[in-house]
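Same chain, two partners: chain A is paired with chain B first, then with chain C.
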Partner chain A sequence: MLALIILFLTALVTLFVGFAKKPLLTLSLSVLGLLGTGAALICQWYHPSDFLSSYEGVNMDAFAILFSLVAIIFTILIILSGFGQFKSRLDHTADYIGLLIFSLFGAIIMVSFQDMFMFFLGLEILSIPIYVMAGAKKDDPLSSESSLKYFITGAFATGILLFGIAWLYGATGTFKIYEIQQFFMEAEQISSLAYVGLLFILSAFLFKIGAAPFHFWSPDVYDGAPAPVTGFMAAVVKLGAFGAFIKLFTIAFSELYDFWMPALTFLAILTMFVGNLSAIRQVRFKRLLAYSSIAHVGYSLITMVVLTDNSALNLWYYLFSYGFATIALITVQMIVNDREDRIEAFKGLGRANPFVGFVAVVALLALAGVPPLMGFFGKFLIFADAIAQNPALIAVALLNSGIGIFYYLRTVIVILQKPGVDNEIEQSEFKTTPLQLIVLGICVLAMLFGGGLLMIH
Partner chain B sequence: MVLATMLKSGVSLEFYVILATILFTIGVLGVLIRKNAIIILMCVELMLNAVNLLMVAFSTYHGTGDAQVFVFFIMVVAAAEATVGLSILVLLYRNRKTVDVGMFNKLKG
Partner chain C sequence: MELLLIPFVFALVAMIIPQKAVRGYALIGALVSVVAGVVHAVNYVPSAEYLSIVKACTTMEGGLPFFLNYGYDGIGLTMVLLTNVIVFLILLSNYDNQSIAASKKFVALVFFMQFALLGVFLSLDGLLFYIFWELSLIPVFLIFLWFGAKGKRRALMKFFIYTFIGSLAMLFSLIYIRSYAPSFSIEDLVAAQLTTVSALWVFGGFFIAFAVKIPLFPFHTWQPETYTKSPMAGTMLLGALMLKMALFGMIRWMIPLAPEALHCMTEIIVVLGGLGVIYAAILAIKQNDMKTVFAYASISHVGLIAAGIIVLSLDALTGAMVQIVNHSFVAVGLFLAADIIDRRLGHRNLLELGGIAQQAPKFAFWFAVIIFAGVSVPLTSGFIGEFLLIKGIYGYNWIYGVLIGTTLILACVYSFRAYQLSMFGPSKGFEFPDLTWAEWLSFFIVTIVVVFLGVYPQFLIDMVEPGLQKLIEIVNVK
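Showing the complex of A and B:
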């Protein structure tokens, strides 16, 4: 709880410091606040009870602390790498950073909730700042359009989720997730109301994480939103939504596993194919990232289909590795800064700026799952855990990894090519800021040596 | 006679559930079919209010107050969402001079 309070104060202070119009001050205060939140969470790990732990709605257990720490790391990285863009509009710098921190606040509630009240509030606190942030480029019609698309699908999903929660309440008479679990354990016959509620909640989650067939909004939104916000959506929002997803379904709905498992199996397969097959024909980089994120949602769903004791940790590790790669790629995208965001614009990056080119190649290979990068271990953990229970699903997933390697390698080749001699595409300058180099350095270290985390695992 | 029996027995849960489901369906269909973004926003509100009705009905049925408190949370969030939604709409109207969602098709592929 202390962590949440520090985080909330950080966001408020950030907003007010904005009046001073000193971007560096805003940045350092917010990053300090985020580090403080992380420190408070680590303290909580060693001393689980603090002065507000009697409140039942939010419980910072090990699961919540692990997911929250990762979310905080990602937010810091995104704020650092997007700072160049935030700085360009001096009167809004603090708003951008503050809204991202408020959204992070929602993500932390989403992974630590104990009842539906906090879950719903967390989801909204997570989403509403991102609706605003997606439209942050105020005079760009594409950005506003992506904002509206995200808002309408998000609000629609919220309505569906609430409808599901209402039905579930009708069936069980409680909002607390452990009491719901208890109810299902003791009930002799589960009323159909609960199944209706479960289906509505499931579809709302599929909307939020962007799984097929509810994925159609995500390429458009990723494409139109400003690059740092795209990175935030791919890394932090997905982390929060997945955390809540696995928490709710493994605790509240654990007794109904036989009911939702087949549906989720089918959806995981569909999501992988839709993501990978659509990614092949993309020419714009952020759309490629969006479809690749859909494919990765498919792989992550495997952890939920095959529930073992390690599922939550595997999911955590997978999202961890995925987030680093995505943030690195988004940072590279900001450095390339092509007006139309073409993949072709990456041509010559490897020669013009070897370090950035190297990081981009490593990140793409990590997404493809090439050993010994962190992305490989993420996939390996999930597949190894699931192969005994559901070999067919893993075969499909491996096939999809194969398709994935094709479009990741194609992008790698573009990066390694000589700068184009044809004058159709004017060459970008690949300007970097020191902060972006730091972010890239952290990401590449994590991707290269992140496999070491398995020792703790 | 009919009125008298209704008054005596009270309206049973089923009617609330059916009414809420109908309202929710109207809201969903509105979001999916209508082209005007403002009407879509209204339909989202309709969905949320259908949920409110359902919550209150179930709350009375179970004899607990939780869901009635939940309704207040939903109202607060609905207000926040409407604020953000309308501002996004104003922003988009300034850029594109229309609120027809069919015209917002620059992002695709």
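Showing the complex of A and C:
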């Protein structure tokens, strides 16, 4: 609880400090606040008793703390790497950072909720700032399109979710997830209302995480939104949505596993194929990232299809590794800063700026799952855990990793190529800021040595 | 431990040494590894047990135990020694190729490659094996990308995607068999009890990975293009060392892990190997690019080795080990010869070559010796290897033995055709300077090894035999 309060105050303070029009002050205050939140969470880990612990809406258990910490790390990285872009609009620096932190607040509620009501609030707090942020590039029609599209489809999904919650309430008579679980365990006959509700809630989740066939918004939104917001959506929003997803389905709906598992199996496979096959043809970098993120959602869904004791942890580790790679790539995209965001604009990056090129290559290979990078261990944990129960699904997932290598490798080759002799594409300057270099350094260290996380207990 | 660390440290240090010293540094680094390998070999007492170092680390929440477990038996040690010597030869034979040998990037990548290869040969843990296996792909990819010939991009993609998908199939096998065993260590995996169906899954995954890497017909289509377009050092790494990873993998991992599947797979692999032997040899006869000839020749030779390994008789397995060593040295020799011609003349088209023997008698002599070793003339190690292999396959099924035996004739045809067209005949009016000392020394070392093993193969056989016997024992027990 303390962590949430600190976080909320940080967001408010950030907004008000914005009046001073001192971007650096805003930045340092917000980062400080986020670090404080992290510290509070770590205290919570060691001393679970906490004031206001009698409140039953949220519960900071180990699961929530792990997910929240990662979300905080990612948010700090994104604020740091996107600072250059935020700063370019002096009036709004604090607004951007404040909104991101509010959104993070929602994400943390979504991984710690105890009843459907808090869950819904968390989802809205998570989403609404993103609707605004996606349109932050006001002079760019693509950005407005992205914002509008995300808002309309997102609002629709929220409506469906609410509807589902209502049906579920009608069937079980409670909002609390443990009571719902209890109800399903004891009920002699489960009313069909519950199944309908579950399906509605499932679709809303699939929309939020961008799984096929609810993925159509994500390439457009990723493409149009400002780069830091894209990174935030890929890393933090997904983390929050997945956290809530696995929590709700492994607790509240655990008894209905046989009902939703086949649907999810099919959708996981569909999502992997849609993401990977569409990514092959992309020429714009952020669209490539969007489709690759769809594919990664497919791999992550495997943890839910095959539930074991380690599912939540595997999912956590996977999203952790995925987030670092994505943030690194988004930062590189900001450095390349091509107006039309073509992949070809990355040509010569390896020569012009070896460090940035190196990080980009490592991040792409990490997404592709090349050992010994962190991305490999993420995939490995998921696959190794699930293979005993469903070898065919893992075979499909590995086949998809094979398809994936095609477009990651193509981008790697572009980055390592000599700068183009053809004048069709003017050479970017690859300007970096010190903050971005710090972010890239942190990400590359994590990707190279993150596998070591498995070795410590 | 030091076996693995030496190349790794040398790879890191290579980034910071002065430009002038790069070439000498490379040779010294490789020599240190060779010496370390020899010291291990001298102290090694042949036995069937792995000399292993196990360091256990438990993972998060008591989930998957993860081991750093590496060591060697006679087979592994042979491969380690082979790798170190071949890496030295690759660096030595590139000594005169200024654009490559004086590049820090190149030297660092070769040492890194050596590190990955040694890791593959030393791992006694499935996951570790897979990690090193994939790691070896990165340096060869970069060497190819930075130093390759024109039009490499397509070949590069093809090569990487082929091998990566193959590796994923292997990852599937490893984690699948892991679900039947308490850990990834090789002892546990070998002890796992599989049903025939699951053994087929495991075996199939390994088979795809190794068939792509070896390459076996019909998984070979990436190979000629890749060999032709990659720089000579890359070709040597691929042909002399990387494909040996797959042959070694068959002996160390594929067969002992899932022998239950052998009864349906042996025949298939022997047939594919045999088809590859004959098909690639016929293609080799028709090629005009010297490097492509040797690329197809390589497919032909390794098809024979793969077929020999899978029939699992002691003769054939011993022959396979001898031939693995022999083929590595011969491949280095042949690709070096092709590259010498390329360096001097700027092309390798057999139809436009001729008369080199008059101008460069030393080159002609050493090239001839390598060619003889390639076609298995007695007193070279090629003879010992192929004789044992064909004997083993003949024992499995005499028809296959006879058919695969035609490789001896076909090899003569393409090798001597390439030699004759390039070396003899009227000179086509170009200057051809004779060998430099580094090239001469490379040829000399290759020849010494090949002839020594041809005359006295016993010490190599003594070294690998206990391990091979244990392999047959494992299969028979299951």
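Quick note on the criterion: the second predicted complex is superposed on the first by the 455 of 457 C-alpha atoms of A that agree within 3 Å, B and C clash if a C-alpha of one lies under 4 Å from a C-alpha of the other, contacts with A are read in each partner's own complex, and residues count from 1 in each chain.
Assume a residue touches a chain if its C-beta (ideal position, glycine included) is under 8 Å from a C-beta of that chain, and two chains touch if they have at least 3 such contacts.
Just so you know, these numbers come straight off a predicted model, no measurement behind them.
In the overlay built on the shared chain, the residue A:394 is in contact with chain C alone; chain B does not reach it. The larger set of touched chain A residues comes from B, when the choice is between chain B and chain C.
By the touch criterion stated above, A:337 is placed in contact with neither chain B nor chain C. Contacts of A:59 after superposition on the shared chain: neither chain B nor chain C is touched. Contact with neither chain B nor chain C is seen for A:433 once the two complexes are overlaid on the shared chain.
By the document's definition of touching, of the two partners only chain B reaches A:121; chain C does not.
When both complexes are overlaid on chain A, the residue A:254 reaches neither chain B nor chain C. When both complexes are overlaid on chain A, the residue A:181 reaches neither chain B nor chain C. Looking at the complex, you find that chain B touches chain A at residues 17, 20, 24, 27-28, 31, 37, 40-41, 44, 47-48, 50-51, 54-55, 58-59, 61-62, 64, 66-67, 69-70, 73-74, 77, 80-81, 84-85, 87-89, 91-92, 95-96, 101, 104, 106-109. Partner chain B is touched in their complex by these residues of chain A: 116-117, 120-121, 124, 128, 131-132, 135, 138-142, 144-149, 151-152, 155-156, 158-160, 162-163, 165-167, 169-170, 173-175, 219-220, 223-224, 282-284, 287. By the touch rule above, chain A contacts chain C in their complex via residues 309-310, 313, 317, 365, 370-372, 376, 380-381, 383-385, 387-388, 391, 394-395, 398-399, 401-402, 405-406, 409-410, 413, 416, 453-457. Residues of chain C that touch chain A in their complex: 57-61, 63-64, 66, 127, 130-131, 134-135, 137-138, 142, 145-146, 153, 156-157, 160-161, 164-165, 168-169, 171-172, 175-176, 178-179, 201.
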